[in-house]
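After this come two complexes, each holding subunit A, first together with subunit B and then together with subunit C.
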Partner chain A sequence: MLNSLINLDRRWIFLAMLLAVAIPILMQVTFPEKVSPMVINVFDAVENLPEGSSVLMAYDYDPASAGELHPMATAFTRHCAFKKHKMYFMTLWPAGLPMVQQNLDILNREYPEYEYGTDYVNLGYKTGLEGVIKLATTNLREIYSSDNQGTNLDNIPMTADLKDISKMDLIINVSAGTPGAKEWVQYASTPFKIPTVVGTTGVGAPALYPYIPNQLVGLLGAIKGAAEYEKYLIGQYPELAENPSAQEGLRRMAPQMTAHVLMIFLIVLGNIIFFQQKRKGV
Partner chain B sequence: MKQSNLIWALLLLVGGGFLFVRATTGEMGRVYVSVTEVAPEGANVSWTEEKQVHPKNLGEANVRLSWSRTIGLWIAAFFTLSIFSFLYGDNFFYKLAESIFIGSSAGYAMVVGFWGGAVDLLFRDLMPDFMRATVYPTLAEDATSNLVLLIPLAMGIMFLWRLAPVGGWISRWPLAFFIGITVGLRLIVYFESDFISQIQSTMIPLVVFASDGAFDFWASMKNITIVIGVLSCLVYFFFSIEHKGVVGGTARLGIWMLMVTFGAGFGYTVMGRIALLSGRLEFLFDDWLWIIDPIGKRLIE
Partner chain C sequence: MKQTVPFLIASIAGLLMIAANFFPFSQSWGEVTVKWFDILAAFAFIIGGGNLLKMNLQKVSERKAGWGFALVTVIAFLVTLFVGLGKVGTHPLADHPNHPWAAPYFQDGSSFWWVFNYVYLPLAATMFAMLAFYIASAAFRAFRAKNPEAIILLVVAFIILLGRTSAGLMLTDWIPDNTEWYSYLRAEKLTGVIMDVFNLAGNRAIMIGIALGVVSYSLKIVMGVDRSYLGSD
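Now for the complex of A and B:
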């Protein structure tokens, strides 16, 4: 038994992990979520703004990390729409435009009263990494003269008088890496004291915690943060309970749980085998 | 026949048969779009816009099967499975998917870089009349040439000089300028946000009282942990004094703090990777195979 476990082909572990993730998806099970104070902080940052506040939606992620970040981005978009905030979408990632577009599609589909140009605008993608943030905070027109469709910003009601983004009431950044949350903290939230919340990948979350609470209001970490935000959002806006599209993060937590249980089991098993071998003097 | 070949042949046979039956009966992997004619007022041009809709919308006016998007969906599914196949072992399909991914990413980055950098940030303001007549019809009529942009244009040409057979050294000048600018910019922001602000964030009360004046034990513990954690980690990276006695003990505590941080980071990373895997499996089961329908895309209302 011990020998067969020691010599176990790792592909069996891959198969076990595949099943651990696939079965809950196929069964479409969900588990209850407990909302943490951090997520409530992030929620309150959006919720406590007066209706119609200006919010910069900086969605710096691409399809490679959409599985982890898209649920929280859509939750932010829906929350801002419920609060009737003015949304300015932009991305610093070349492949981030389709992600922004999917959020705009949500506004078109679920909030038909939202009008392009007066309630939301898509500034699109600009090359220049963190340099774009630096310019946008001081002189927006040096980097953006038109929106993503090529319409001059002077001809769009929301942007006609917008000189820079330093007067935004809130920055919401969904970040998959660089440029992303760290750059928004460095070039926007710290020097201009703009309230900022971020949603980030699991890999990026630990490096951002030191910025809370002085430089960041709060942080949503990976799919767990997204699921908790969705849960809290549904609690405050019960009409979302009827919308399965607004529960993507919650659905992704069931495979998380089974996969984590499997991992814990494998780590414990590996340690037992290790100490057994040690005892036998192998 | 080798065992691995036999497994591959069986998998392809069973999987291929399943896909063939599902696809021919029209029960999987189809993308539908709603087609709209767009004709701006006063303009003598018009075009059609396609918007992806759910399969349950089939039958509505202007909704039809999109062959291009359907083929795209099948290619996406094929490449997802090809990449997954590496877990069994290196193989032709994995190499194919990897090569196409690298090639298409490089091409995409090049086009986006040229459009976003050279066209959008340089030529648009340098030659506004020409750009309005060609690729920027909405550019303001009163836009004038910004001749300062000749400097970055010249620096860009100097950068590309590196590819020339002679005079490659010319590219070092703009490179030096670029490095100088970047260092200066980053030095300031790091100093402000990652040095000064972080020190400020560590200057916190070790004994915390709630708004009603009562002692807040957990908030105090949190602050004490932060301060001790920062100080012990700093001591661990302080090598001018030998790590013995009190310094050694503090450094050891610093190692423990770092280990806890790495553990939390590893846990977060695992969570992230599983979320990505579940995202891809949802794509395969929902969008491609139509085995599950979590958001009711295919329900007939």
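Now for the complex of A and C:
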């Protein structure tokens, strides 16, 4: 028994992981979530703004991290739409533009009263990493002369009088790395005292904790943060309960749970084998 | 000359950025420097693309190990570049019916949109998802409680792994959620303590250390003490 476990083909582990993830997805299982105070803080930062506030939606992620970050980005977009906030979308990631577009598609599909140019605008992608943030906070026109479709900012009602982003009421940043949350904190939130909330990956979240609560109001960490935000959002706006695409994060928590439990089982099993070998002097 | 000019550019740009932060009259100089940086960053994409082509075409022409993958990379790069720059499959906008090129390259149904949604997006997600399989295999073979440090790491890993899912909630839901000390044994609270206390302190120390290192290294570059970034030629 011990020998067969020592020489266990790793493909069995791959198969176990496949089943641990696939079964909850196929069975569409969901588990209860408890909303943490941190997520409530993030929610309140959006909720407590007066209706029609200006919110910068900086979505700095790409398809590789979309599995973890897209549900929280869509939850933020829906929440801002419910509050009728004016949304300014932008991204510092080359592959982030289609991610922004998918959020705009949600506005077009689910909030038809939302009008491009008066309720939301897509500033698109610009090269220059944190340099873009630095310029956008002091002189937006130096870096953005038009929106993503090439329309001059002077011809868009929302941006006609917008000189820089320092007067934004809130920055919502969904960040998968660099440039991302850290750069927004360093070049926009802190120097211009703009309230900022962040959604980030599980790997990236621990490094952002030192910024809370002074530089960041709060953060959503990984799919767990997204699931809790979705649950709280549905609690406040029950009409979302009928919308399956607004519960993507909640659905993804089930495979995450089974995968985590499998990981713990494998670590324990590996250690049992290790100590058995040690005892036998192998 | 090959080293002096780049050094002068780096040094002057660095000094301007420092000055822009301390002297209000020089703020616009800093903005100009950042603008130049943004323009240079755009050119870096062209250099990057050229380098990708050069490296991979060399590999293909010399039939080095894995040249087939290099060929796939070159073909994928050229096809994506062509459909993106050529705006293949886009339809003229209602506002500009006579200017088909005015349509955005990422228009719904365009070739670039198709490549992104049905090739790049699933491939990128797959690469990321495959980590789960390798982490599981590595956890089974390498995560051993060999010494006290490893035991602490294991215990913390278990708490976080459970605390970041509903499993932790289900396992410790029987513990009353009040202000007594034992309520901190609930998975979500235990995870919170680890993240808000131990992780926070550790990360803050790392962050301050890195910041001091960045300041010191930046000064070395501006002063010309460290020129290793210019290469060895």
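The rule is short, and it goes like this: the second predicted complex is superposed on the first by the 282 of 282 C-alpha atoms of A that agree within 3 Å, B and C clash if a C-alpha of one lies under 4 Å from a C-alpha of the other, contacts with A are read in each partner's own complex, and residues count from 1 in each chain.
Keep this in mind: a residue touches a chain if its C-beta (ideal position, glycine included) is under 8 Å from a C-beta of that chain, and two chains touch if they have at least 3 such contacts.
Bear in mind that the values here come from a model prediction, so they are computed numbers and not experimental data.
With subunit A as the common reference, subunit B cannot sit beside subunit C without a clash. Residue contacts after overlaying the shared chain place A:S175 against neither subunit B nor subunit C. Looking at the shared chain after the overlay, A:T137 reaches neither subunit B nor subunit C. Once chain A of one complex is fitted onto chain A of the other, the partner contacts of A:T196 are absent, as it touches neither subunit B nor subunit C. When the two structures are aligned on the shared chain, A:T159 is found in touch with neither subunit B nor subunit C.
Look at A:A16: by the touch rule set out above, it reaches subunit C but stays clear of subunit B.
In the superposed model, A:P206 lies in contact with both subunit B and subunit C.
Legend: residue contacts after superposition of the two complexes on their common chain; A:S36 is shown touching subunit C, with no touch to subunit B. In the superposition on chain A, A:L26 makes contact with subunit B only, not with subunit C. Using the contact criterion defined above for the overlaid structures, shared-chain residue A:M263 touches subunit B and also reaches subunit C.
According to the touch criterion, the shared surface of subunit A, contacted by subunit B in one complex and subunit C in the other, consists of residues 14, 17, 21, 64-67, 95, 126-128, 134, 143, 150, 202, 205-206, 210, 221-222, 224, 256, 259-260, 263.
Considering their complex, residues 11, 14, 17, 21-22, 25-26, 28, 64-68, 70, 94-95, 125-128, 134, 143, 145-146, 150-152, 154, 185-187, 190-191, 201-203, 205-206, 210-211, 214-215, 221-224, 244-245, 251-252, 255-256, 259-260, 263 of subunit A touch subunit B. Remark: subunit B residues 87-88, 108-109, 112-113, 116-117, 120-121, 124, 136-140, 185, 189-190, 192-194, 197-198, 200-201, 261, 264-265, 267-282, 285, 291-292, 294-296 touch subunit A in the complex. Within the complex formed with subunit A, the residues of subunit C that make contact are 27, 31, 34-35, 37-38, 41-42, 44-45, 93, 102, 104, 106, 113, 116-117, 120-121, 124-125, 127-129, 132-133, 135-137, 139-145, 154, 157-158, 161-162, 164-167, 169-170, 188, 192, 195-196, 199-200, 203-204, 206-207.
Across the complex, subunit A meets subunit C through its residues 8, 10, 13-14, 16-18, 21, 31-34, 36, 62-67, 95, 97-98, 101, 126-129, 131-132, 134-135, 138-139, 142-143, 148-150, 202, 205-207, 209-210, 221-222, 224, 253-254, 256-257, 259-264, 266-267, 269-271, 274.
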